[in-house]
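Letters A, B and C name the chains as they come in the text, with residue numbers starting at 1 for each one.
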């Protein structure tokens, strides 16, 4: 087994071990934050599936997360078995997502993105209005998921492990889905829908599937959120959260599951680092970094940090490259000056601005 | 060929490509001033890419000289302003603009508005099909009409060199012949230098004085139009003999 | 009945503001083929500039003119420096870029001017005028009037001037236009500049009513997006008409449909847009185009 293969196995295992040990010595607040990272990583993974893999920009993920959170909080407050709460938290948003997606995916990309905004925009006033279910503007707090006695752990550690396990399962599940037939269909739908239908792949159906999975993950993340924060409120539903998740995802990278984890890290820690006191600094940071990522990372929006790291590794001298097993993304200097933003094989020569001459109309 | 004849256009060892795929592997070509050069070849040989390289629509290396001056690296609108008019494959009709507006865009860079208007009226006289639809959306015209519109539009800029990319594409044979007849007439009257890319070799060779045949990004044969029309390979491959 | 007419006029006024921003969105879409989610924030930034100039002692109208001029520069700058890179590329990259711009400008305006809402003076005298027995607010009438003038001016620009012809040519087929000698890059900058100026206009018209702060245009952007999409994304007139319809229906629904009330008002045009798009994906006034493989 050469070095690269060994690394591929050892690295995730090593990470897992570290993740398992950390909470035992970290402060409760750190564990809380890390649990949030896991929570948002799950939500952003859902977003990655629909916006990254299937290529349908969704600005509504926060709504699904919020619905899941409310479902969980409601279930807990009414004494439902935990498993039931989880199932409802995951499936209710999935049902909503499917219902909305079935008609919505008939719209072309741009219009679809606009329509997804409807979800958080309507969800917030609805949540505030139906205070009986949601607790209104103040939200609903719960008190649950305490560590069972006899384990020797504290609440924050217990909840951390719960999040870790559930998130790990969901990530594995996601990876299986994406590496199978569904994932391949997503890739085709993302690249060229007309080609997809020529190949007998129903673009509409797979887009609905993508949205449903994304909503399901969002709902599950909502459940985790209530697990960690013990609180659900309309603030989770709003448009700002949806945009920030998308921004974090772009930074982390669309093309890879790890991107969602990195995005989760960004989502939780940027406000902390940039100064939660001054929201403008968070925004300046997000906006600037996303633009920088889009500008310099090969592959544009699908690259993110993961691709950037790969590209940097590819520039290493040969023997290191073989060691890390990385394919050089940037090849040897080509005989012609490369086109800017050649983000993949193009079936026809790129024109000056494919945007105007032959752009995809909204329908 | 008069020894004093100058080349209005010269390509020397031009390489070009899209991204990392190189499609022109060292093309050398010349168009004499006042002459017509036909560029033939099968699909994918690189004919269109050659024209696009001249117009600056694809990045290239080598030398592309207009009147002896290197123009490689210029933007398409800059090349156009230097006197090169390029009718792209598919005609590039501004579909939602009217026929008249298409012509106006062709003459966009000219200062002499009055002369532009006169020229447009002349074309409407010459081509009643265009004149009667002056205010109609250009996208509604037939293929042949759009081709004539595209050529007229190119001429509105009073170019010194006309690049034509497959004028017969998508046209019925009779229509294609008509188009070429018109272009031929025009050329004889104005002595406009032309580089014509065509798959229908017979039409192009009839119009041209020199010709070249491209194959996989290189010039495989060159010579006078008459010579090439006589060559067996050309006849078999491109003239369907 | 009187009340309904007042609601309609107020709805037209609100719709005029959505329409101004929707026009900006359509201009940008026609020029560069993308939806600019940051259009509202560009408008807010321009409005803040007007506010700063006015606070420094300048007469309001001069401040507004200066803000519109600043918007022209901002718009051109944004296209050239930020957006140019993403033109001709995959549409979702461009969308994400404009969203990033939205976040960035939000942060910048908040950082420069703070998040406290500021009062902003109205360009029009307050008060009412009675027409045929119906009492109508002057600012509502004036706002609608301004938009009508703007639409007429834009039509004149596009249909009767050389620049307008060039802008339309580039929107139709940029490559082909370049081959006719048009400087596509510069024309795109002009398109974005005009769009930003329209946004600035929307900003100074709405600021007196909702007070100026970095999030001022957030809801309006949503309405403008709905109007632009409903209008067909490439139809300026369509966007304006759709915006008026949205403004009026929203107002009427908020007043007369008990379930909707005030907080769900914004849902009405959005849901309506969704429903309409299902039956007419090209919007109310757009052109149906076949997909190209």
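As a working rule, contacts are C-beta pairs under 8 Å (C-beta built on N, C-alpha and C of every residue); 3 or more make two chains touch, one makes a residue touch a chain.
Predicted model only: the values in this text are computed from it and were never measured.
Peer 1: Central chain, going by Cα centroids?
Peer 2: Here the chain at the core of the arrangement is C.
Peer 1: Taking each chain's centre as the mean of its Cα atoms, which chain lies farthest from chain A?
Peer 2: B
Peer 1: From the C-alpha centre of chain A to that of chain C, how far is it in Å?
Peer 2: Comparing mean C-alpha positions, chain C is 31 Å from chain A.
Peer 1: List the centre-to-centre spacing of chain A and chain B in whole Å, with centres computed as mean CA coordinates.
Peer 2: Once rounded, the distance between the two centres reads 50 Å.
Peer 1: Express in whole angstrom the distance between the two chain centres, defined as the mean CA positions of chain B and chain C.
Peer 2: So the centre of chain B lies 42 Å away from the centre of chain C.
Peer 1: Listing for chain A: what residues touch at least two other chains?
Peer 2: Those would be 350-352.
Peer 1: Of all residues in chain B, which are in touch with two or more distinct other chains?
Peer 2: Residues 57, 76.
Peer 1: Would you mind listing the residues of chain C that make contact with two or more other chains?
Peer 2: Within chain C, residues 172-173, 175-176, 178, 184 contact more than one other chain.
Peer 1: Can you name the residues of chain A that touch chain C in the complex?
Peer 2: Residues 51, 55, 57, 59, 103-104, 106-111, 113-115, 117-118, 121-122, 125-126, 128-129, 192-195, 198, 239, 243-244, 246-247, 250, 278-288, 290-291, 294-295, 300-301, 340-341, 343, 350-363 of chain A touch chain C in their complex.
Peer 1: Note which residues of chain C are touching chain A in the complex, please.
Peer 2: 29, 31-35, 82, 85-97, 99-111, 115, 170-176, 178, 184, 214, 218, 222, 225-226, 229, 232-234, 263-264, 266-267, 270-271, 273-274, 277-278, 281-283, 286-289, 291-293
Peer 1: Where on chain C does chain B make contact in their complex?
Peer 2: Going by the criterion above, the answer is residues 162, 165-166, 168-169, 172-173, 175-184.
Peer 1: In their shared complex, at which residues does chain B touch chain C?
Peer 2: Per the stated touch rule, the residues are 55, 57, 75-77, 80-81, 85-86, 88, 92-97, 101, 104-106, 108-109, 153-154, 157.
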